[in-house]
Amino acid sequence: MAVTTLPSGPFGWLSITWRLLDYWITVYRRTWRGSVFTSFLTPLLYVVAMGVLLGGFIKTPAADLDGASSYLLFVAPGLLAAQTMQLVFGETTYPVLGLIKWHKVYASMVATPLTVSKVVIAQLGFIAFRIMSASVVFILVMTPFGVFSSVGGALGAFFVQLLLGMAFATPIFAYSAALQSEEGFTVIFRLLMIPMFLFSGAFFPLRNLSPVLEQIARITPLWQGVDLTRMLALGTWDTPSALVHLAYLVVLSVAGGWLAIRSLARRLAK
Amino acid sequence: MPYEYPSVTAAPQSPGVPAATDSMVHARGLRKTFGSFEAVRGIDVDVHRGEAFGFLGPNGAGKSSTMRMIAAVSPVTAGTLRVLGMDPQTDGPLIRARLGVCPQEDSLDPDLRVRENLLVYGRYFGLSRRAVRARADELLEFAQLTDKAKAKVDDLSGGMKRRLTIARALINDPEILLLDEPTTGLDPQARHSLWDKLFRLKEQGVTIVLTTHYMDEAEQLCDRLVVMDKGAIAAEGSPLELIREHSTREVAELRFGVGQHEALAARVADLADRVEVLPDRLMLYTEHGEETLAQVHGRGLRPLAVLVRRSTLEDVFLKLTGRSLVD
Amino acid sequence: MSIAGAALVDAAGRRMGVTRSTGVLLGRHLTVFSRNWTFFVTGFAEPVLYLLSIGVGVGKLIPSFDVGGHTIAYAAFVAPGMLAASAMNGAVMDATFNVFFRLKYQKLYDQILATPLTTGDVARSEITWALLRGGVYSAGFLVVMSLFGLIHSWWALLALPAALLIGFAFGAVGMALTTFMKSWQDFEYITLSTVPMFLFSATFFPASTFPTWLQWVIDVTPLYRGVVLCRELTTGQVTWGSGISLVYLIVLGCLGMVLVGKRLERLLLT
């Protein structure tokens, strides 16, 4: 009979979490084809349609476009951050509830020596991988359009996506894990994701909004990501405001992570 | 006051609908193939008005395919099939209007509440809102679900879902009730309560056609049944007739030590009509179990445990369809 | 083959008309929907938000917009595009994702076909439902357009039936394609066709920005015909081309319906 052991030591938790790797690799190998289009063609089409073609009609001076000398340069970083958000919404809603409710996969995972926090961390790891691969593709697609002013900027934008993604992933995971029925997703898709997508500075400068809406848009997580990505792409880095954005996203990720573990643990204890 | 299931003796009639006949289901040489796979290989079946008729068989025997053809949702590949005197090929909607169907997996509408499931389904039959409301309340009572009327379908237990599915199948006051494995997956209490309901329906004249792989269920419910195996009919008759014909009156089960059964079988072979060797026991099919047992003892054999019992449909079934697993 | 055939009868043996049999199925959807009205309301908000974001927010960056010699506000240009695109998206959503779910997971159609109803009733009721829902959304959107002063002609009243026609064409074709789907991964193909249409069918900018050969390609896509038709109606520039769009969409929808009926029969009556 096979004897299973629990590794100890400072990195014991990591090696336990690692046991979930095979699960996620298997899932990815079965589904990656479906995401090839979404992660490659969609950004390209959006950049061409909005940035190049619609942008051709926009002759706004850089001062009114957050420092971008063309609409293409303005909108492309916004689209990158928006893509990260949409990807994370997709990965942390239906799949999470599905694993709880329909396929009962979490229940079978925690019936092994794995614990809830490891299950959550492993899935966040998978989502991080999805964000990274989608972001790399997007950044490569945008580079020929001259969107990045420097290699460092492109690299920085890549890491910002990871942080922005986690800031969305952890609280939504917590929400999904507590949800009884999938109807609750419609609410967050339509009341959170789409308004953020459309009004958090991805498509037009926030000052085009009315003063009240502008203030609301400034406190959305997506704006933090959009502004960071844009500053890095354009080379208009402003340390004080960047630090505020970064701190915001780090706090949200950590608090959300704590909530996610608590939420899933409560759900599985039922 | 106990609830009475509304009588169905007066079959709904109208011009253009063939007259009621005593042959509810009539099949000759009925076949169903899916590509090169032959699910049903030419069966003859007759179900008469008011009887409970069973299709008994292991998984993959062709029971469900037969049921779907009778339900007029699956085209007949070859042979003759008449349901209520009509051809499903040409009169599908007419036939379905007078059938109640309870599929193997509860296909309740999860977007609707319990009572709404009955209301909406009744509307599919073209019943008026008023008629369907009254009928739904009667059926909720019949299914003991009145206090669950507003519950979500997902929140019901397995037994409740099954009762609701059966109640739903009765919404149009059907002349034939088709039940595909009605009690699979239910706990003993739920099974007995369901049998009780089905028995009462039969009492009131509803013709019941069911499939099952449970012998006790077939013995409880069926007036007549056919045993199906690999798409063909292996035997036909009432439960008692089948036992008489395909098995002996009694069975003596003898347990010896592990590994001895094969060798000992030869020494008792002549004492019974048939001897079957299982890993944990010998089965001796015989008319008089106690006498056979005495003869076994007379040969100096000392089984560790013995059981003498009546033959059941299970013995018939296993004899006809074999012991190997079918998936 | 009449397992699916025309002779509709109710439990009393009376013949049921097509209207009545479609009606009872719509009754089912209405019962479900009456409980999920938040879903309904938020669905209406989506195209309006797009109009506000792209039409108004981005529109502020485009002082004047020149289409075919006429100068119109960018929002007035985008709004009919949004009307047509949301008619497409709504119908595709209803006729693909929802139908697939009912077909494969809920087994709703199997339940329905155990009754006197037929595959034809299923197809008709699903399309009618998609049209009813889409029609309410479109009417609301047209009201919003008029409140924003984006309607320039009484022809705009005909934009409602035009939007319904777009819904019919996409709904019928979408549902026909859905009957070929094996798993959720196949829906990538739906996205593969709707996203490019959404972005390039003169929704956000005129097709004249494309090279001539590409204009020809876009000319024959159904959404482009719908967008142009809606725009001609709301701006009051109706031409013979509008008639071509009309016929095109009607033919497409009818072809889709014929295919749906055949396919459902093959899938469900086996």
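Chains here go by letter, A, B and C, matching the order in which they are written, and residues are numbered from 1 within each.
The rule we apply is simple: a contact is a pair of C-beta atoms (placed from the backbone, for glycine too) under 8 Å apart; a residue touches a chain by one contact, two chains touch by 3 or more.
Here the structure is a predicted model, which is why all the values come from computation and not from measurement.
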Every chain in contact with both chain A and chain C is listed here as none
Among all chains, which one's averaged Cα position is nearest the averaged Cα position of every protein chain shown? C
Per the C-alpha means, the centres of chain A and chain C lie apart by a whole-Å value of 31
Using CA atom averages as chain centres, what separation in Å is found between chain B and chain C? 46
Counting in whole Å, what is the centre-to-centre distance of chain A and chain B, each centre being its mean C-alpha position? 54
Would you pull the chain B residues touching chain C in the complex into a rising list? 12-14, 16-17, 34, 71-75, 88-94, 96-99, 101, 103, 105, 107-112, 116, 119-121, 123-127, 172-173
What residues on chain C touch chain B, complex-wise? 1-5, 7-14, 16, 20-21, 24-25, 27-28, 31-32, 106-108, 110-118, 268-270
Sort out for me which residues of chain A touch chain C in the complex. 31, 33-34, 37-38, 41-42, 45-46, 48-50, 53-54, 56-58, 60, 64-65, 71, 183, 186-187, 190-191, 194-195, 198-199, 203-204, 208-209
Listed in rising order, chain C residues that touch chain A in their complex are 36, 38-39, 42-43, 45-46, 49-50, 52-54, 57-58, 60-62, 65, 74, 185, 188, 191-192, 195-196, 199-200, 204-205, 209
